[in-house]
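There are two complexes below, and they share chain A, which is joined by chain B in the first and by chain C in the second.
Let's turn to the complex of A and B:
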């Protein structure tokens, strides 16, 4: 499909077109602590952001959502499903986060169809943005999930100087730029994209080699590193884990949730809800009579790391995309790439 | 109509803020009265029934011999005893005085201490069996309602034991420890407040007390690393739950150098 260019100063042309059909969300602050919020005018948009606190996962698997409401009347039980059907567009999502969504897609349409997630995905458009400035914590390059994107987008933007290069990925993307009178991209624009990719690749400070890591981690359950992370001294300059769960909530590929009922004061009606959960919390693996499969902190952090190394659900669903959010958010400075290195050293 | 459970509300050493939180249930208070009879509540009612109660919500810690006797009487007449708020759980803010000699504390406040019969402030659980705890200074209204509803439905209440960080992340907040170098107690403090303070850029003070299985020593080391003095750190852990086993070491300041 042909590519286009748009002047950075003219991005409002694109935004206005998007707003005709969608509620638009994008990064609203520069820097690493940006957040994806609703964008109504171009001044709110900060495509120069580095990373966000929560990944775009929050639009498709919100921290807390109502699944259905229920009611008992005259002994009869009725439910009313709540179906998300709003059309949303995420503008400026980085390649790591797009890859994370592709992983979530697999999970939520695998053995079970999660209609809540799927509906939201179906009703959304993804306008991705290639990374030209890595965060000091990211390591997508070593995992093949960035810094540039080849799949999973409706429209892909790349900063090529004073312009954005616009590449189209789907018919939705094509429809959205149709009739906007944008200039066609030239050979030079693609050369510039290539040049920036090469430049970008040199800027990464972190990397993680995950080949065989799940096996290594599983066979080293008694490795000192888990005790160090759990209670003792930490690893590579970190403090021991706090079990605060922040790493899992900011992780774009963590999908664990809990389902619970909330009954209102009539005691006759209420809602069934789901809320994100975290394997780092003590209650996560708790079962009846107070039993707990992962009571020890070291077992919990081991479990999460193993999951991120790609071992969860038989290696099919989880794994890491190298966005670096868990490293940035960790008050204990625990760095998954350092843990991986230490494990490899044996 | 099933007989409504009888509730009693008591106060010991505390500020009455927990009871006030009950009154703040204004918009649903009448709905609650459809479900419960409040038979004893000195703060609100003129006529109080001192017979037996199904649920007693007890606010405040125990700080005098007289209070020990009273809480034992309440226990005898109560089916389901709730430590209502941090003071009843572990002494909370009044327990800060436990760290200085009793006479010194008394002399700081009272010109004549001859009529004072006071001792260390401890939670009611030191003297009687407690069936449930409602964390918080004061507990959040939703946790109060959740507990009462669950009592009626005879199910386990969904009370949060995990840290404030969970609720803080749900609100898309950047971490105050990593991004602002603030001494936030969130990672060791029980959730339930909705991360109110961090959402306003203020560090968590720890008013819901320790979460389940907190790593207090790691957080103390982190505070030290970002530049807080050992005295500051000690005060942080003494403020709301210094008497708790979870924070005891850091409050005493015996953690590893």
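Let's turn to the complex of A and C:
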């Protein structure tokens, strides 16, 4: 299908079409920071955002969710599954965050399927938006996860001046723009997209080269860097890690969760739930009788960095997409790109 | 599609008291079809649900076709609730998960089994397997140590193990309180090594116990010629899902629940308890 264009101030046409079928979530700006929230009218939508505090991961792997409920009757238990079935549409998601979802898709399938995540993904539509202005912390370009997107979208928008260029990725995308009477895109629109990509690529201040890093980080468990990061003075002007876990909570590819039961007052029924957990917290690797397999901060920050460099889960699933959120929120000013550089220097 | 997080109801058919804080449970799925299609290998584990308390990973502590066997020590909320259950009570289980002991690789070899404390639980199935297919394996040597003789589990098996052809059983306890009517040496598991019969040639080692004990045992084995890749060990990590999703059991590049709990020593040596 041919690409289309829509005037920026006619975006309400698209939004209204989306709202017919989906609950729509997109970038809003309630204060000084942007955040993904439910969009019910066009005034709420702020597509010219740089980055959000939390990644849109929260719509697919919520910070807290119920897996099933249980009930005790005559000494026997019954369980009742809870399956998410709401149709949601994520509007204006940036390429790095789309790539994070593609990584999570792989992670939550495989030998065992996580039906909660998978159902949400299956019932969702992705309307991505190419980045034309990097944040001062992002480095997606060096990881191939941005600033422009080639996969993982139903519809892809690019800011080409007064219009958005609309490219269609799937049949869902096609269905969503059908009958909207939009103008076809011209060759100039694509030239403009190309020009903006070139311009954008020059604007990045940070970069990270992760080839060989998993091997370096794996084989050098006693590298000075881990002591510096965990206990001593930090790396490249940072302070030592505080183990606050902020990096993991804002990371679009961190998926670790804790499972817990909640029982109601009758003690006869309750729910099993999960909530996002962080490998930076002391309790994360704790076992019964006070054992802990990652008691030291240096081991925890090493574990996280190794995961983000792409080594965890056998090197297949998790890894960094270069959104820069962890750098932005770290109270100790730890910068993963600087750690990577220092490791590479040896 | 099956929801991998949903436990299945099982009935406790029989309970055997092992020590003051440990019981062995024979269970059966409530759903007969699940029970008949159930199959597992020694070294695998299951997730046990106590609704309201949570889930725990527990090894299959024996293998036979009729029921699911678990030996559980009371150390916290889930295990404490299980310890207070009676025959006929129901519990939620799912699994089996993880890799088992490399019994195919062990074929034709002399097998050295070293267990410390609860570490004998996942190994009993391997012993049963070797006993059942006695001609497929060489010499079998079992070294089992516990803190005190009173902490030893499966005491009723010792005589049967001694009678396995071409085998040797050595028992040891760290401390033996006065007047304990139990025959075993005093000392750590490694103190049994000087009288060990198994030599490194054509041998395979199956090792399970506290991580520090496994490190020392492996180190001692190295000094008498064993290579790291002859040693297999079963690891313990915090587990919340058992299916490679929650992240808790990660060790270096691996997930203990999915890539383990049984690992070749070469693969995980850098990541476990340092000596």
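Everything that follows uses one rule, which is that the second predicted complex is superposed on the first by the 343 of 346 C-alpha atoms of A that agree within 3 Å, B and C clash if a C-alpha of one lies under 4 Å from a C-alpha of the other, contacts with A are read in each partner's own complex, and residues count from 1 in each chain.
Criterion: a residue touches a chain if its C-beta (ideal position, glycine included) is under 8 Å from a C-beta of that chain, and two chains touch if they have at least 3 such contacts.
No experiment lies behind these values; they were computed from the predicted model shown.
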Review point. In the superposed arrangement, which partner chain does A:263 touch: chain B (first), chain C (second), both, or neither?
Key: both
Check your understanding: So, does A:221 touch the first partner chain B, the second partner chain C, both, or neither?
Key -> second
Exercise for review: Have a look at where A:242 lands relative to chain B and chain C in the superposition and call it first, second, both or neither.
Suggested key: first
Study note, to complete from the structure: Of chain B and chain C, the partner touching more residues of chain A is C
Practice item. Look at A:77 in the shared chain and tell me whether it touches chain B only, chain C only, both, or neither; answer first, second, both or neither. Key: second
Practice item. Tell me which partner A:306 touches in the superposition: chain B (first), chain C (second), both or neither. Key: second
Practice item. Could you say whether A:53 touches chain B, chain C, both of them, or neither, answering first, second, both or neither? Key: first
Review point. Is A:255 touching the first partner chain B, the second partner chain C, both, or neither of them?
Key: second
Exercise for review: Overlap the chain B and chain C contact sets on chain A and report the shared residues.
Suggested key: 260, 263, 267
Point to revise | Partner chain A, residues of chain B touching it in the complex | key: 28, 31-32, 34-35, 145, 149, 152-153, 158, 161-163, 165-166, 169-170, 172-175, 177-179, 184, 186-188, 212-215, 217-219, 221-222, 225
**Study point:** Contact set on chain A toward chain B in their complex
**Key:** 33, 35, 53-54, 58, 63-64, 231, 234, 239-246, 249-250, 260, 263, 265-267, 276, 278, 281-283, 295, 297, 328-332
Check your understanding: chain C touches which residues of chain A in the complex?
Key -> 67-68, 70, 72, 75-77, 79, 81, 83, 107-108, 110-115, 214, 218-219, 221, 255-261, 263, 267, 270, 272, 274, 277, 279, 284-289, 293, 303, 306-307, 311-315
**Study point:** chain C residues within the chain A interface of the complex
**Key:** 1, 3-7, 9, 49, 51-55, 75-76, 79, 89-90, 92, 236-238, 240-241, 243-248, 250-255, 258-259, 270-271
